[in-house]
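Each of the next two complexes has chain A plus one other chain: chain B in the first, chain C in the second.
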Partner chain A sequence: MIGYIFKRLGLAAIITVLAVTLLFLIIHMIPGDPITTMLGPRATPELRAALEERMGLDKPLPIQIVLFFTNMLRGDLGTDVFSGRAVTAIVFGQLPYTLALIFVSITWAAILGITLGCYSAVNRNSLGDRLAGILSVSVIAVPAFVVSLYSLLLFAVKLKWFPAIGAGEPGNLPDQFWHLVLPSLAIGLSWVGYIARLVRASMLEVLGEGHIRTARAFGLPKSWITYKYALRLAILPTVTVIGVGMGFLLSAAVFTEIVFSRPGLGKLVIDSITTRNYPVVMGSVLFSTLIFVASTTLADIINALLDPRTRKGS
Partner chain B sequence: MKKNNIEWTKTGIDRRHFLKGASTVALSTAAVGMPQFANAAGNVLKTRSYADIRSMDPAFSQGVVDEEIQGAIYNKLIQFKPGSEWGWQLDAAASIEQVDDTHINFALRDDMGFTNGFGAMTAEDVKYSFERIIDEKLESTNKPDMSALDHVEVTGERTGTIVLKNAFQPLWSITLPYITGNIISKKAFEQAGGKIETKPVASSGPYMHKSWEPKQKTTLVPNPDWKGEAAAFDEIQIFHIDDEKAAEIAYEAGQLDFTRVSLGSVERLKANLPANSTLAEFPSLFYVWVGMNLDNPKLKNIKLRQAIQAAIDVPSIMAASYFGAAEPSTGIIAPGLSGHRDQSLTGIEANLEKAKKLMAESGESNVSLKISVLNKSVNVTTAQIIQANLAAIGVTVEVDLHEGATFWGLGEDKTLELVLNRYSMTPDPYYATSWFITEQAGVWNWERFANAEFDKIHKDAQSESDLVKRDAMYQRAQDLMEESGAYKFITHEATPNVYRNTIVPALRPDGMPLYRYFKKD
Partner chain C sequence: MTSDVGKMNETKSRSELSDIFYHLVRDPLGLVGLIIVGLIVFSAIFAPWIVPYDPIAMNIPDRMQGPSLSHLVGTDQLGRDTFSRVIMGGRVALQVAIPTIGGAITIGLILGMIAGYGPKWLDNVIVLLFDTVRSFPTVMFALAVVALVGPSLNTVILVIMVTSIPTYGRVVRTLTQSLRNSEFIEAERSLGASVFRIMRVHILPNVIGPIAVLAAMDIPTVIGLEAGLSFLGMGVKPPTPSWGSLLNDGYNLIRNTPWLIIAGGIPLILTTLGFTFLGEALRDVVDPKLRGRGK
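Presenting the complex of A and B:
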């Protein structure tokens, strides 16, 4: 198992380097003058030249890439050209908001989705199963931005139960959690349906297998068979999907952060790309990539832990 | 300037509506047991800026967003006067007097000081604050606004003389009452290494900086050392919300007390204003125009350019793009400012007959042009109307959309054809003409308009102290722009604000907030 973990971590490192290099090239290839955007109309040619030098834009692109990785290994991602703050400080300031949003969204979606999926599989073709099916497909079909806007209008504007903007007072955990309710509802809702359908399909497949029939023949309790034996195997594809789904969750977080005026990595990426604030773009892109790679790697490792056949296969 | 902001007010609900509303609220709350988010209340002002802050150093702050905060925490010799007419009032200065074209004597109030133990405000602080902006080594992006300064002479602990290199009229409308006029503590800044980033090291205004949560909000609290009229609020929370629609929702959800709203929402808000709210519309200083690149061979023919000027129907743009909430403009200088023209040379409504005649005289046929546009819905709609207007005279227009960073680099593109553009403005005409001088061609003068008379007017009018003469000079400058056929002026837009009736906002004539003067009703 340790060998498998090391192999996965090595692969994750290679993916990260390749992805970040590719993104670095793409960002520098798109048109747009960062100096004009940053300094505005009042900048003198001398000031423009000084900033260009400070951002390293006067150097050839391959040198810029090498410098980026060299500095990155030293923990230095550069400074934000607007505020002069360290990019690492900026990214670490925003990262917890996005991680909290993603974690809360996927957690409630997984709990509800797995419960619904199990119920549907165990009570196949019942009225409850059919209702759960309709509900699941319905919520999958509704995009996060629609849920965001309607939940805002209903729960924030009309009923005033939840706040419409912000992430809550720093240090006030209940307030921060309260500010997470609507954004996590917007992001997590479609995942409830998706996970429910996935778990149901996997459960039905596992429940039809020989060892489950044997367990039934031995007279083991139904709940024991369902949750101890069937769910453990049926959950594997769900873990993989959630891991890969982190990328989609990050994309959904961008829109949600804008609609709810929440701070976060997604909003940071958008703002910095719009202003061609290269150091912040690269810093935030690096961390987004790390989140994605880490979650898929973690999903692989969990899969390997739950099902030894997976690590043998690799 | 005449008062031309318009207000719609919805007062508190009457008894019948109160009972209906109260019973609904009571029922829904009782039924579900959920807490209600009340409107921002108590002694906290919750307001919104359209972007996050960039710098709390007056030498590096970029525009209104930073200045909204700096204006509340720093003092200036003079401040903009809230109201419907542009003007200034004394702030840190007990007196200020222009003794000749290049000398301005000032005396500071004796009750001004800095927080964090940095002591009383002195003339040395004024000297330091102003001279550092023109210091080459500091590389201040706001140097042009202080460009006329030679030095500040300290004549006493609290008295001094601002010495200019040449007469400079914008001193009273931009330099002193706006960003560069903020007085900072010499001691505090020197201790901080000569410049600061986003955390102020010492405040002197009625409010002081409490915290900044990046991408979220800035919080100001009253300055305990402030000796002037007491700050009206225990806290001012300025939420940095880029999206106007998000800000409107936050207002309607009761989380903001004051916000600018989108022009597209004005009609809806007039018809259905949230309770205890006022919607106030202010004329803006921004200017929007269609530019034509004079260096592009496709647009060399002045008759073609004049035909384009005549074919564009500004009222249609006002109705469709600005939802009737903005007025057509006559130039780059807004009403209320010196140099504003009552009428443009090419008119506001399309004159198709004239446009077709000019097209025929131009001898051009099968003209196909590209209009470059920043990708925002208002611009896209405007470009589509222009597309339809020009189709009527046989000119085919392709709309070329750009995102922000790409769009703002288009000035260097010699192949640029038509462009729909929008520049911000400060309350002095010199700021507007500065982008269209020959030296700016290919930088911010995207039309590559080059006119010696225009350049001379821009240079001379800066120092013209005869206001009538100055007014005429700037009017002539705009005539020259229009006569070149390179410009069709569209609008100055508008600034609609919505706020609770529990507060009394203090606003500049263009609707921008001056938080230090906000009061409770």
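Presenting the complex of A and C:
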């Protein structure tokens, strides 16, 4: 087991290094250059040279990459063009908002989705199962930012039940939670349907397996078998999918943060793009990539802990 | 002899196609999906003849109207007819979705088959490459590129295409690997068939079904991404109507008129519903074993 964890962490490290290098190379290959982006087309050569030197862009490419990595390991992702603050500090300031949003969204979606999926699998082909099925397919399809806009229009602007903008007063927990309701509804909705279908499918598969039949033959109570034995295995694909889905969640968070004017990583990126604050854009993208790699790795490790069979496969 | 086999394959695939269509139409979900997708494609192709007004013609005196007989879903802040803009927006959506998915499938097929059939080291390299590309959250990655080259539809297409390649590549790789050791391919190989022939005649027809299902499920994601990026002002440039830019106009006017948001969101929901239903039904027809996998 420990061997597997180390192997998986090693792979994650390789992927991170490759991803960061790739990101770095792409930025260099595509036509626009950060200096023009930041200073505008009318910048004087002296100004350009000064900024190039400050950002290390005057050195050869391989040295730039190495420099970038050593700085990254020291937690230095450059400085904000305007305020001169460290990018890491700025990103860390916004990160909790995005993580809280994603966490709340996926938590309510998982609870509801797993419940629905279990119900559907146990009461297979009943009216409830069919209704849950149609509902699931329908909500999977709707993009998060359309749900954001519709719920903003209906619940915040027309009915005025929930606040339309912001993340709530700092320190005032109930208020902050109140501000999370609509955004997390928007992000979580499609996941409810998705998780419900996934749990239903894997639950049906697990319920047909030998050890469940044996348990049934031993006369164990049905609910005990369902929740104690079957669910534990049936939940595995969901764990993986949430891990891999972190990218989708981050993407959905970008839109939702903009729609609800919530602080967070997404709003930070968009604001930095409009103000041409290039280092902050790069820093945020890098951070979201790191989060993504970390969450897929974590999902794999949790999977291996829950089900020893997956360890052999990879 | 080769031509005979080719002919047989052709008739077989033709009857298979009509078979798939027959099963699709019989499945209520598939039928609804097919109708919605058909309507969207039809309205996108014939958009210039369907729209009652020029979608970019301004008419300031008639601005921000609600629905009426002359403007079915009202007008925007510049007096442009919203219905015409929605219909034209469908064109943009498909203009992005088709090349994006097409490109991703082509490259994914090639890389996936190489990884699945080629030597182990090449397989490892390609899989690592897939995993690396997959580790970028698409929207964040797109925003980083847009930040440098400026908003454009081609940028959106390219970025979504590159980040979608691993999705197809991985499926093709797994399928190729499992086919590679099957007896009929081994028999072909021992008869001296070239790698190229094995790929074209035996592997490709067997992976194309699952790939079609994946593509149908992926089209809504791509269209949603385009609309999302256009909503953020990072996709199409005004005055070109896209469902996303319509939603952006509506968002800015949310306290004045709800119609822009309602009109911009409905086609997005319909498109995603249509393609998802179609994909679901197609999956059941193509391979019942695939049920409940993939997002």
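The rule is short, and it goes like this: the second predicted complex is superposed on the first by the 281 of 314 C-alpha atoms of A that agree within 3 Å, B and C clash if a C-alpha of one lies under 4 Å from a C-alpha of the other, contacts with A are read in each partner's own complex, and residues count from 1 in each chain.
Basically, a residue touches a chain if its C-beta (ideal position, glycine included) is under 8 Å from a C-beta of that chain, and two chains touch if they have at least 3 such contacts.
As the structure is a computational prediction, the values presented were derived from the model and not from experiment.
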Query raised in the report: So which one touches more of the residues on chain A, chain B or chain C?
Result: C
Requested in this report: Applying the touch criterion given at the start, work out whether A:P170 contacts chain B, chain C, both or neither, answering first, second, both or neither.
Outcome: first
**Report entry** Partner chain in contact with A:S288 - chain B first, chain C second, else both or neither
**Finding:** second
Query raised in the report: Can A:P263 be said to touch chain B (first), chain C (second), both, or neither?
Result: first
Requested in this report: Identify the partner contact of A:L152: answer first if only chain B is touched, second if only chain C is, both if each is, neither if none is.
Outcome: both
Report task. Using the touch definition from the top, say if A:Y278 reaches chain B (first), chain C (second), both or neither. Result -> second
Query raised in the report: Which of the two partners, first being chain B and second being chain C, lies in contact with A:I15: first, second, both, or neither?
Result: second
Report summary line: The shared contact residues of chain A with chain B and chain C are 30-34, 37, 152-153, 157, 258-259, 276
Query - Of all residues in chain B, those that touch chain A in their complex - result: 28, 32, 34-38, 52, 54-55, 62-63, 139, 141-144, 197-198, 211, 213-217, 239-243, 246-247, 249-250, 252-256, 403-406, 408-409, 412, 435, 444
Query raised in the report: Okay, in this complex, where on chain A does chain C touch?
Result: 11, 14-16, 18-19, 22-23, 26-27, 30-34, 37, 137-138, 140-143, 145-146, 149-150, 152-153, 157-158, 194, 197-198, 200-202, 241, 245-248, 250-251, 254-255, 258-259, 266, 269-270, 272-273, 276, 278, 281-282, 284-285, 288-289, 292-293, 296
Query raised in the report: Touching chain B in the complex: which residues of chain A?
Result: 30-34, 36-37, 39-44, 46-47, 50, 82-85, 90, 93-94, 152-153, 156-157, 159-167, 170, 258-264, 267-268, 271, 274-276
Report summary line: The chain C residues in contact with chain A across the complex are 29, 128-129, 131-141, 143-150, 220, 224-225, 227-228, 231-232, 234, 247, 250-251, 254-255, 258, 261-262, 265, 268-269, 272-273, 275-277, 280, 291-293, 295
